[in-house]
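Each structure below appears as structure tokens.
Below are two complexes that have chain A in common, paired first with chain B and then with chain C.
Let's look at the complex of A and B:
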């Protein structure tokens, strides 16, 4: 059944190749992607986590005690091990750990994707401008990138939060983005440098296209796939940094993130007493970052044909 | 359009154009020497005519093209286009002239943006001309496509769906989209099959007749140049070695370099014995420029005088110039 359907799609696709070029390109990429085992595992994990994140919206509706932050089981005032009422047990004041875990997935996605998106946005724009303009602007931007690149993000955020007190989760996201663009901008700059020597850019210049138009109409569509690829890797690093900050006690106290959960385990002295509390957030952090990484690796293969293994012809 | 039909009027005149590239070496990137890519080139293209620029790889042909298009800043000389010296024009001053000079590239694969449809690529020029109405633009796009012999339904497709020859046609349509008066063709047929070459060349000829275009046709293929061009400049190491009408170059070549180039044209007739009169050795590094004639080390008739004296462009007859004192003397001419 499914095989038939996929054949049908590819046939339709061949018949009208010019109707939906974006769809066509997507399907073409997907056919490469789905051959990749790592990519499939990564995507499956990611879907599971996405379902978890969505589920977190519904838990408080079942019973107020399943609210990850404020919901306390009236009968419990200490950490308990898994039971029917609390599948993963409760924390030190009787909050449900599973609910916290689900809410943590939501926060992880939020932090990871928004921080990665912002850093990619900055990195792509700065990289394109540096590569296209060249000369002084290029040197200035790239030296700035070098300076930021050598600063350890975690340390800087730690110092800032000890200076300004508790940081809001969005401030943390912004800081991560501000410190994670240089790597992207270097790659995009290199790509821009090679693109701007291509004849089609010169042709655009000769017809009188503005610099703005050349950068955003001609160069950007050609570097965007690369930016998206880097985004998946940036998500990973953003999630890890946020978790580390939260674990060290510099997270946003009003959010339930996995790092925060680990901090509660540690602070309340349950590190070795309550594995049902310690392990789930730890495993989730590892698996989520792993799945984004796997997604990135598989996408890399789609975008760079040289990395593709020989796929048997149909 | 009326003004374009004025005859015997030069559209582009180049005088003593120079471009030297610095050779930087070492840690401090000190300038070590200069590559004289274009070293005092002068020529003229008449309205509605074609000038061929021939020469082997690395002689500076493409650099000349890029200088004219202002993709590169030239170091000295004059680029007089429609009566204005545009060489030192800023981008703003250049704006009204930008669209007048267009280019067709050698590589049909790199000359179209892979992420834009053919229609988008061509429409860009129409838009820059200031055509605000979408329906007008669409009409213009269809006219352009039919002008270059493409069907209008190809406008929604992407470059990778076309063959080299088709892409070259699209490149021509893109160049025409801004209604230029001069098109620089930088080896437009070198990357194509011979059968397709003929199609493209005939297309260029037809377009010239229809629109009164002028061409600067850069090539290393003398057959193509001879068929298409009214005048020919032979270039060697940044110098124009010989300039004459197409017939004169083919029938009465004077410069030893031109003679050796012409003898290298293969003849398809198997009965004709092929006598190549080779130059000695290879084209050397451009950064080691000898005194005197630039062709001295490969010339078959070079004398000691050639090693020292600077060559001047000498007139051998009306509209025929040669940069070789020996050739000029042999044909009984007076220095220009």
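Let's look at the complex of A and C:
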């Protein structure tokens, strides 16, 4: 009985004068977003990289020598500069650099998005629980967050890889997620603390909604946009950490990531002779992180009406 | 009195955090696949030496005693013998620490000052071309991939133009020559430091600029700025005397918060430039499975982060008297 009533109330809560509130909100957000120069640049770059990632699936189909990991040009056994056959040249054993670059985009998206999703998931849930429960649980969770926050993630993963041997790409993703949630959880906790005092939570409590229901049904929809915003920043940091790890030689040897390519050019001593090999991976990492960062900053303005107003005034 | 209480509370917190980190590392070293003895004792040692070291590190004892030995060794600076160098880890660490502190503190101070300065200008020209270009430039610098930037720096300024040495911290011929004086040595280190410093500076100053800009924009909305304007003060005075000092406060805190991040960057920079610091030693130790050295470097870096966080908190309390704890 109580369950039914609480559903009733939550439905009332969600009802808005417009027919499709989510679509309306999205369109409204989009109209603000598309006015933003930084946001537009970011989105354009992101689309280019997405196309690169998709293209990486097709290169091995053209010719086996265009496979990023195993494809070796039979006529070439050393690094060569760009040519018609290999638009960006080849690496030290004759693999096509452009194909590796495309495959790197795929890995970067995979690592960035999955690690960011996991850390946001953890951070949002922990933040909501800490903020909603308060007291001992809150203190414990937030001290744990403090502790993880002061640890340099890259160096922690390095130490772990020295203990557990070569890490595969999913372990790296998992470790990044495990060490990158505290920042998110702090923000979500603060948001939850203020939401907790609002009348609609009070109403839900009075109708007998369980804590679980209040957290996931009433608080979560309100903090989710903020989590989404933080996800863009976490994507950036995950990509950088994975690339740095690969650059230092602790990446997954079965993947071709941009960090890995930089490690090859550095370790095989080609950095002074082969700018065609040194430049592309670094430019790609930098631009991809830049585009996610720009996306985040533009989203910030969409989500924070205070910032938006300022822009409208100009 | 308030501030003293706060510092004391933070100190207790930091000590607790430190013990937790120590314990987690201890457990990890025991839980990881393989034998802790092979991990702490160099396989090339003679059996007698190895037995001596095992006894010294307490590796032949039950696990709870091992933990006590581990804590005792930590606080007496006994981290075992490095596999690679064959000398006590503690002396290596002690030797590398000043180099890291030198590179690090210089880069952070420099980038914070320049970032604050330009952030101030950007906020003042909000919405104009100056602001747009500065914000874009800062974003761009901030997201450059650090090791790549380091390689590019070496490639352009070290290899192609040849203004700066490719790597290292000193030129041995100058330091071995007994006739070279202090200033020559100083200049030599400074010459080697330019490229790593420039790399770290470019990466960090962008984030300080962006932070200062947004903080300044918030501050300019405060009532006391309105008061200052009403008094008919010059805009320059309002900007530099009234707004900037308050707006710089969040930047100070962010130095502390981003320290963990910058230390990772420091390790990468040191590795690429072969700068003989703790970060490079850690990377090097991990690549060589030199566990005692890796463990000690990591603990030292953690200590540095925790102490600097405390220092930033105290500094913040000192700079902003409005803060109540």
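The rule we apply is simple: the second predicted complex is superposed on the first by the 289 of 314 C-alpha atoms of A that agree within 3 Å, B and C clash if a C-alpha of one lies under 4 Å from a C-alpha of the other, contacts with A are read in each partner's own complex, and residues count from 1 in each chain.
We adopt the following convention: a residue touches a chain if its C-beta (ideal position, glycine included) is under 8 Å from a C-beta of that chain, and two chains touch if they have at least 3 such contacts.
Just so it is clear, the structure is predicted and the values come from calculations on it, not from any experiment.
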For this session: Label the relationship between chain B and chain C on chain A in the superposed model as either fit or clash.
Result: fit
Exercise. More residues of chain A are touched by which partner: chain B or chain C?
Worked result: C
Exercise. Touching A:221 in the superposition: chain B (first), chain C (second), both, neither?
Worked result: first
Exercise. Touch check for A:152: first (chain B), second (chain C), both, or neither?
Worked result: second
For this session: Go through the superposed model and pick first if A:23 touches only chain B, second if only chain C, both, or neither.
Result: neither
For this session: Give one of first, second, both or neither to describe whether A:303 is in contact with chain B, with chain C, with both, or with none.
Result: neither
For this session: Tell me which partner A:198 touches in the superposition: chain B (first), chain C (second), both or neither.
Result: first
For this session: Would you check which partner chain A:162 touches, where first means chain B only, second means chain C only, and both and neither mean what they say?
Result: second
For this session: Tell me which partner A:206 touches in the superposition: chain B (first), chain C (second), both or neither.
Result: first
For this session: Using the superposition on chain A described above, determine whether A:289 touches chain B (first), chain C (second), both, or neither.
Result: second
Problem set entry | Which of chain B and chain C A:249 touches, first, second, both or neither | second
For this session: Considering only C-alpha atoms, give the closest distance between chain B and chain C in the superposition, rounded to the nearest Å.
Result: 6
Exercise. Can you pull the chain A residues that chain B and chain C both touch?
Worked result: none
Exercise. Can you name the residues of chain C that touch chain A in the complex?
Worked result: 13, 16-17, 20-21, 25, 28-29, 32-33, 127, 132, 135-136, 139-140, 142-149, 151-152, 154-155, 159, 217, 257, 259-261, 263-264, 267-268, 271-272, 279, 282-283, 285-287, 289, 291, 294-295, 298, 301-302, 305-306, 309
For this session: Using the touch definition up top, name the residues of chain A that touch chain C in the complex.
Result: 37-38, 143, 146-147, 149-156, 158-165, 236, 240-241, 243-244, 247-250, 262, 266, 271-272, 275, 278-279, 281-282, 285-286, 289-290, 293-294, 297, 310, 314
For this session: Can you check the complex and tell me which residues of chain B touch chain A?
Result: 69, 71, 95, 98-99, 101-103, 105, 107, 110-117, 121, 124-125, 128, 153, 156-158, 161, 171, 174-175, 177-178
Problem set entry | chain B partner contacts - residues on chain A that touch it in the complex | 17-18, 21, 198-200, 202-209, 217-218, 221-222
